[in-house]
């Protein structure tokens, strides 16, 4: 039996181990096996790596051992007998929300929030490995010209695109606040720039990440550690003719950030609720922020399958969007602990971390990224 | 100088007085004067009548004396020299949100939430009088076949239509929770029924109002005084295949009602935030109710000018919608105190109260309403 | 080997034959076998029955023999090993557009118009039989309370709903012209009525069908055989304040009907292009009908999967919509020739014809329909 | 009485004359007088200059003499007594569609296509003059940083934005064909690029204009004089994975161009019908282009008031969009005949021509434009 290297969560405590595991077969007849070329670390992986209360309740120790990871680019090496679209050799990335065909939301066009939806690397073994298996239906065929480190980060880039575009994609020529230092906030700045948001105001607090936001195309910036909510509100009003922004992207989940967004959005504007609140219920200015303003709030979770994938592929292929400034670190998969250390470090000194099972792919990526 | 009867808020305390005032002239060259045929009492009028803290801060005692009232049907008796659309004899109702043409929201199609918007009966003398003056631009030409008591309540009926339809009007064949006993909740039940909402679940607590909701067409009902939130949630899940409703209309503003709506809406569903929270900030289940569900919240305030007026006129003219069960009481304007007493009485024994300056109009209405 | 009765197109000429065929097995591992309870005749079946030029080019004589039929209600009697949602005993109807998961349109939410889409009864053996096989993914679970003759006609009812609602479903309180005598036009009248279209103007030419349109809820009607286009235009303008209708449903495909719809729709209105033109290219008043008016045209083909199914199930279950007046004739499957004769007869003396493999089901339906 | 220079259409034949006319006063109490800083020549002006059959029927010789022109940037020098938003000194451009407040379309949010809409320079004296008068309500306040030659061309730039965005503005990351050599086609290329259309395929036939399209940001191009429709279709399919483009902008009005767009749009895609057909009715591939594909066609006429103005102002102010490559020629107003000669010349050697009443403004513009 052939084996592979895989990063396995073994015990319900901080950390993970590199193990030799059997190369998987398709889990079902309509699943495929993918050879991983690049895989990137998501905040969810960090939660599991740390084994915080969310991991304990969402995954549970009975599920262990389990392979981590869900952001990926790779090559199909085996297809189940019932697969219809993919063939060996296809270069794919993964929509990690394995939607259930029987969910009402799936049937009505929102598969990404279904009741029975499962997640790669959370409900199944993930892709921090040389090989992994997943359903054909969540594989997205990549443009071969897209390098693996970029193909891998399309999953969070899709979150960013969905957050920016909201449910109606009506953002052209509008003004926008984007909050947060995380990779998805930074990607959102880039997407917003690419799709014609005309004034992008970024709120962050870490130097490196704020610098990346500038590279990604924000027009104005404030450091939330150095300003009060009142100052930020006045700043936004000053730069929007006193109206507030058309659209506010809440991507932090803190009380301050939610308060900022509810205060800064203009009447009849839109708030994207993307950040997960540290505590929920959370007090919000229900009257002034929603009712009296006549605002819309769009709760955004995951990606529109496959709408955001299609748009992002086109934006990448057309050279409209370069997400690589957000990729701050690349390592071999063998060095996964270095990657997690980077992700966990505070104050933040990183944004997106990509891992390569193959040393040569890693070197090639370093070269492409100019690092 | 000719005079008229008018219900005037004189002092910053409970009550109002009938006074003789001069019949107004058009306040500006593009305003008209209207002879009132029917006028109805809104919750806002009750706030002012009671002179609660909202009235003190929103209107202020310096504005007194001021004529109350803003829901109306009447006949144009004088047009300012700069009016272009209306002529003497036209039968109109009033959009009471006097939008400002220079507000960004007005320029972008949402005049009803503009920064400089003023309100009839709040920022100016209102229509609880034999005559009043208002801008031509907020006059809506009525179908002559609509009786004045119905024409008058088109303003809150428009709130109801906007709340039901939300910003995208996509409700046909969907399921909906509607909360509250007030006239706008009851109108919303009727509008929802008329526009093809396929399952309407009403939550109320007063017998009379719940009976009216049934007459207006709800399919299922729960009394919030006799049930827990958990029971209501289970009831809704039972009647929606376990999914929750497509759309939840929050029209009460209480913590319980907001909690109900956030819990009962299905994934990728829509919440209408119409009710004004008794206290704001208000804790909401931000994560489970918005983010993870991928819901939309539409803050609804006022009416879409004149989209909801157009739809409602058509629904009324086509016999699709009969709002008269909500009109529980009619009085002459001289009896305005009886009307306010009805509105203030708790437990509620009324829904909508209509006042007629003319005794004969009042008698005719009583006859039409079968009272 | 067990056999069944099936209506088979044998030769490329008028007609079809009842034959004994083996009861099918699931065609693939994710297909099911359904025992047919009711099946209804579509215009497409009539084309194939007649073997007109469309049939010759679309199906081709090489495909023969082939079982006809695609509108159906039945019971699942066998599920392929790879099915996930359905089980034996489930009561289903069929979305007959077997979409391809790899089509871009499928991936972007419009599976019903994909390049590789196949159709039951056109590209495969159909359901004019005691049993047939189809993919699990196009099965729609019916409400058990819906009788089979109604469940069967949900497929064309879905066309009607999609035509009425268009791509944005914004029809509440609007005015609409609906053209044509066919079942889908008549269903459209019923759907329009159910979803709050406030003034429905129907154009037909056959007495029986126009009578059914009135039963389904149209407000006004004109006979296109007895009126000129100019008269119809004036009639529509007279009943819409001179503006024209908000929405015009072209469901005939004739030059006159297309001209009517382009002329009658108001500025900034919407035309549904549903009828297939007898000849295409077809001259249209491009400037006055589209450009200068700023209209939208929505080409409608099939059903929104499964959006229209969901809405219609709710409308039927909630008693908002009764499509049975459109069912003019029921026969046993053995009498299929009588059914086709009814469909072919001109002047039209029928609308929808339903066939039942089982004599008792047929009798029960006759009783329910009061025939 | 003070006089001014104005370009006047005097006789119903080719040409126009510079005349001395009285400086106008506000035509009504809610109109203003504007001192023209820059004005640009539209195709409509050329029609009137040539006095073609459209001019004869639309304007009529009884209206002569009349001042030409409607694209403009200028300074308010007098406000009618009933104006509310503007003051002397404001720097404005003109929405030239003077909508009627009583039109149903105005009341429902589409004022630009109202029945009683009038047009500056067509129904009234225009702006090819040192001063002109227009309603305050169609004045758009410019950002002072926008130079007058750019502020003037915002009107056709708004057409372009509306054509690109359509009614739903959902274009981010999509593919688009844009047809035509005229200024609005070229502006559309620039807008499409600015708002994130990911692949822009331009069809033109004049070298200079095709070069400008490349400067404005198209990705691919074909010369319609040198290719067949079949070749263009194959080219588009080759560059869109065989699907066709998401959106096709028909901006020419020729049979070939309309045929191209109907053929090239993908299933469930969108066609913008902007070009006015040389002859209407026009044959279109109704079945394959609309019905079977399930496409939408958006007839686009004018600008969304003031939605497109707002977006464009933001795009210009944010440096997202530089329309100046389309401005090929600038002249003083005194040289208006040179401007019209440029516009009429075929093969085309120009795109947008801007005229300046003031010689110094003209020189400054030349310098800014690097000409």
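Letters A, B, C and D mark the chains as written, and numbering starts fresh at 1 in each.
In this text, contacts are C-beta pairs under 8 Å (C-beta built on N, C-alpha and C of every residue); 3 or more make two chains touch, one makes a residue touch a chain.
All of these numbers come straight from a predicted model, not from anything done at the bench.
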Looking only at C-beta pairs in contact, point me to the busier pair out of C-D and B-D. C-D
Name the pair in B-C, A-C or A-B that forms the same interface as A-D; by residue number, over half of the contact pairs must coincide. B-C
In whole angstrom, what separates the CA-based centres of subunit B and subunit D? 42
Residue numbers in subunit A touching two or more further chains are 104, 108, 310
Mind listing the subunit A positions that touch subunit D in their complex? 161, 165, 168-175, 194-196, 198-199, 219, 310-312, 314-315, 317-318, 320
In the complex, subunit D residues that touch subunit C: 104-105, 108, 110, 112-115, 167, 241-243, 258, 266-268, 273-277, 280-288, 290-302
Using the touch definition from the top, list the residues of subunit D that touch subunit B in their complex. 28-30, 82, 84-85, 101-102, 104, 107-109, 137, 305-307, 309-310
